[in-house]
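In what follows, a structure is listed as structure tokens, so that the remarks can point back to it.
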Amino acid sequence: MNIQSCLPKGAGFSVAENKCRIVSNEAVNEEYRLLIAEADDVALSARAGQFFHLLCPSVGGEKPFLRRPMSIYRVDPEAGRIGFLYKVTGKGTRALSSLRPDDTIDAMGPLGQGFSLPSGVRNVLMVGRGVGLATLAPLARLATKSEAAVTAVLSARRRDLLMSRQELENAGARVIEVTDEEGTSQPETLEALLCDLHAQLPFDFAATCGSNRLFQLVRSLCAEWNIPGETALEAFMGCGTGMCYACVVPTMDANGKEQYRRVCWDGPVFPISEALGW
Amino acid sequence: MNIQSCLPKGAGFSVAENKCRIVSNEAVNEEYRLLIAEADDVALSARAGQFFHLLCPSVGGEKPFLRRPMSIYRVDPEAGRIGFLYKVTGKGTRALSSLRPDDTIDAMGPLGQGFSLPSGVRNVLMVGRGVGLATLAPLARLATKSEAAVTAVLSARRRDLLMSRQELENAGARVIEVTDEEGTSQPETLEALLCDLHAQLPFDFAATCGSNRLFQLVRSLCAEWNIPGETALEAFMGCGTGMCYACVVPTMDANGKEQYRRVCWDGPVFPISEALGW
Amino acid sequence: MVDLSVSIGSLKLANPIMPGSGTMAEGLADIIDLDGLGAIVLKTITPDIRQGTLTPRVAEFNDATLFSIGIPSKGPDYFLNNTLPFYGRYKAPVVASVSADTVEDFGTLAAYISAPSIAAIEANISCPNLRAHGRAFGMDIEATAGVIAAMKRATDKPVWAKLTPNVGDIAAFAKAAEQAGADAIVTGNAILGMAVDAERMRPRLGNVIGGLTGSAVKPILLRMVHQCAQAVDIPIIGCGGITNGEDAVEYMLAGATAVQMGTVNFVHPGAMPEAVGWIEGYCRRHGVERVRDLTGAMSDTHAGQPKLKVTQ
Amino acid sequence: MVDLSVSIGSLKLANPIMPGSGTMAEGLADIIDLDGLGAIVLKTITPDIRQGTLTPRVAEFNDATLFSIGIPSKGPDYFLNNTLPFYGRYKAPVVASVSADTVEDFGTLAAYISAPSIAAIEANISCPNLRAHGRAFGMDIEATAGVIAAMKRATDKPVWAKLTPNVGDIAAFAKAAEQAGADAIVTGNAILGMAVDAERMRPRLGNVIGGLTGSAVKPILLRMVHQCAQAVDIPIIGCGGITNGEDAVEYMLAGATAVQMGTVNFVHPGAMPEAVGWIEGYCRRHGVERVRDLTGAMSDTHAGQPKLKVTQ
């Protein structure tokens, strides 16, 4: 439900400054919180990999001037709700964590280019860590909807920091968890595991997000297996709407030329072959 | 009680940045609120006519950058409490009104020159309106303590906006209320009333605060009756501690020369003969 | 009925609100109706293709931002073939903005992009990021005049001189631009600033120095607009920290004919249309029939009266 | 143990924190121990007696204030007979600040007040309120050099040149002051600003224009300090929006040897002693033995390493 929006909508406006009522905003573990808010149709059109630019409230003299980008973690059109999974890192996210049910949040979006599963994909590999787990969750739903199998490898420092298992299993994904504390998350160990899985049933698409090391690994495997892949990148943002050019990252364009591209406008999801890590 | 003060105290420091626990902060009528806070010894040394410079909290992105001056309305050394009677007019006082019991307020003070009753005064006249009622209340207590009789004339637009009757009667003052709605508050009406009272039992000191019209009236009566008087002035303040020279008002010095003086440092209380109104 | 239109020389705008160059792009059209604007001012372009400055490109304060973007530019051909046609669908006049390395190149570029659909050309002589430690054309009074004169020779379009606030006597720069033929003055661009990360002992921006923008700079640019208004006869477009209609009115009262809103578009994309609405309400409340009557209508002293005849 | 002392030429300060001229007075001694300061900088005085500007004298923003005070001055005799003796009880060095109407008068006043208890004299060539619309000595490079040279001829005390930020190329002014013999540069005074009351259509200040100070100006003055530090060899004292120890460290990393804190004293009179404590903790945390090693220690680029040898 859109409580108030002063901006013209409908007729061709694909992005809105949605004033959303908060349903819940609870900690899911020591580091992450899940914010669920009511949303109108424009917001509910969000696709996997897109993000919202959230206006964080001012709390006790601390004013997060700019909005903060958050990947869409959950879209539930039936309930009319959207969800964000976020880590409290600085003043913006600290302010977010102060929001209570029935408060309002101004969530501008949906923004950016989401994941685009090539048609006919049958077996999807997803490898995520940290915030990446938030970004990949809706992709699993997208993939299983188009009847692809999904294997989601979740990585974290400790077992208690793993998230999204339930979310991904609900989406029909097979979930494999690896952690630093158990020694199962190093690139070499993971590479062996992934090659094994690929040997059993070859992946034809891979997506990764949330860690540079995982990105490097998945990119090299995509090249080796000769399959397409995508990754979502992060950058400090100003506008989130392609206007300020603050969020540029170096990318390799299709012709192999290195150039800055805007994470908020050209991304956040890029073909894995064009991304250069971060 | 002083919850926390990082500043050196005792040894000659007459002013402190008191972090005071709030006891209550309730509306007394449509326009005014009474804030009661716990205070330590430095704050409890406040004298009638002095003020505190209050740091107002930031509320929802509104940040009152500078402190706000408030006259001391009540000092209760036994209970260890001080009180302010304030009108919600702008962002600072709006922020003050958001404070709840057990919140902390940073009250710097006591500051400025308070009232100084000439010794031997027997019959004190006080005339106040609006905020002036807050400023004059502790003077009544001071006067009755030194065994002077006190007549307090309280003026307001409407009867429901009159305040401090109880406070003043508790202090042993005779209270006379006049209002615009009853037609008892015009200067002429008031002048007749005051001259009447003076004829019955001559006043030997007068104090006024809160209205320019009342100030003009009382000043001319003081001159006519040849008695000393004082008035408390207001001005926009920066520091409140005599450092910035923002709060100057034109005054007549003892030699009849007009010059700017600092309300926070040379005042807020000035001899009525030296003040020029505002 | 309030008449919201204002004239910038020969150019008539439906209302006094437009974006600052570089603070809107095609993306804004996904969120608001650009036809609600007085004008559409486009990002500065350069003759060559540029990538812009190193990252990170933004640092944030309570009431301001520090951006160092440089002028990422796809060049004049991309501008003519892609950017301009995109905005062709709107009826709001389109203002181009140009920058270059030499006075002559300003002229050449202005001539090259003087397409019929362009209503005016703004000279960004003030971009703080192009030169080492921010020295720009706009900090040199002869270069300022030189750029405007070169552009006036090269094109028939109205030329707006967007001054940099990183000067001492802003009014002298406004006068120099006026004498060189500028049709309007935009006051002004971002103020050079810097941010240091104390814990990491390093600059926060890739470019070390950037442009400070947002509410915090408003008192400075407002003062400069007032000074320019007293020095020149051509219209002044105020810019700097304007976030709503009230800010815009303050600039107009101080002498601006129209205003540009910048950083606020990044945070509240609806800010410009909302400001138009607020100004209309303000005029109605104050009995002002024509918004242009607000220009310079502030009283000269705190104690004085507004220089405005109102109908009430 | 961190060595907090810094040297401004021949003058050794116990720590790098001092007030900005005009932002402390006797009243501060009722609240904090002035001996905790690196120096005590006094309000500017003039040869004549002055009342200062019209009221209202202050307007407030979220993160800044706009003051227009002028230089209310009781003159040099009051200064010598009343002000100086008051501060005689403190061991922190006392710095006077002077302003005048002509270059020569700067020299005459400096000579007149060169009492033994004065450790240095600051030249306030930048006061924005004395002249119509804020033009000041400090906006003219020859006048800047002239004032410093006149003072150096007139007194043996160290002379500090307090620059105005209302100029284009601040480094050029720092260089001119250095060449004229200044012992240190203070960068800098308040930035000229203005505030308009839209509803009442009038300026908020009696003087129309005032000086913008407080946190909001920090990025601008910090950039100027960095530019000055690259241009001169004499010490630079940073000033502008410093509210705590972290701000002070940022200025030092950018090139300042010491700092002045201004407006914050009005809001948090304990800010200066607290900043000294914070800086000590910072140095300890970073293994910095001498606070003076922080001066200019920031890395030149965002990606680079601090130019600092730490002991850890």
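Miscellaneous remarks
Letters A, B, C and D name the chains as they come in the text, with residue numbers starting at 1 for each one.
In this text, a contact is a pair of C-beta atoms (placed from the backbone, for glycine too) under 8 Å apart; a residue touches a chain by one contact, two chains touch by 3 or more.
Note that the coordinates shown come from a computational prediction; the quantities given were computed from them, not determined experimentally.
Listed by label, the chains touching subunit C and subunit D alike form an empty list. Looking at subunit B and subunit D, not one chain touches each of them.
With every chain reduced to the mean of its CA atoms, the largest distance from subunit D is reached by A.
The distance from the centre of subunit A to the centre of subunit D, each centre being the mean of the chain's C-alpha atoms, comes to 49 Å.
Taking each chain's centre as the average of its CA atoms, subunit A and subunit B sit 59 Å apart. Note on chain placement: the centre of subunit A and the centre of subunit C lie 36 Å apart, centres being C-alpha means. In subunit A, the positions touching at least two other chains are 63. Across the assembly, subunit D contributes residues 56, 61-64 that each touch 2 or more other chains. If you draw each protein chain as a dot and join the dots that touch, you get one closed loop, with every dot joined to exactly two others. Looking at which chains touch one another, you get A-B, A-C, B-D, C-D. Of all the residues in subunit C, the ones that touch subunit D in their complex are 54, 56, 61-64, 66, 133, 135, 139, 166-169, 191-196, 198, 200-206, 208-209, 212, 215-220, 222-223, 226-227, 246, 249-250, 253-254, 282, 286, 297-304, 306, 308. Of all the residues in subunit D, the ones that touch subunit B in their complex are 22-28, 30-33, 51-52, 55-58, 60-65, 67, 69, 72, 214, 265-270, 273-274. The residues of subunit B lying in touch with subunit A in their complex are 57-58, 60-61, 63.
By the touch criterion given at the top, residues 6-8, 13-17, 55, 62-67, 108, 235-249, 259-260, 265 of subunit B touch subunit D in their complex.
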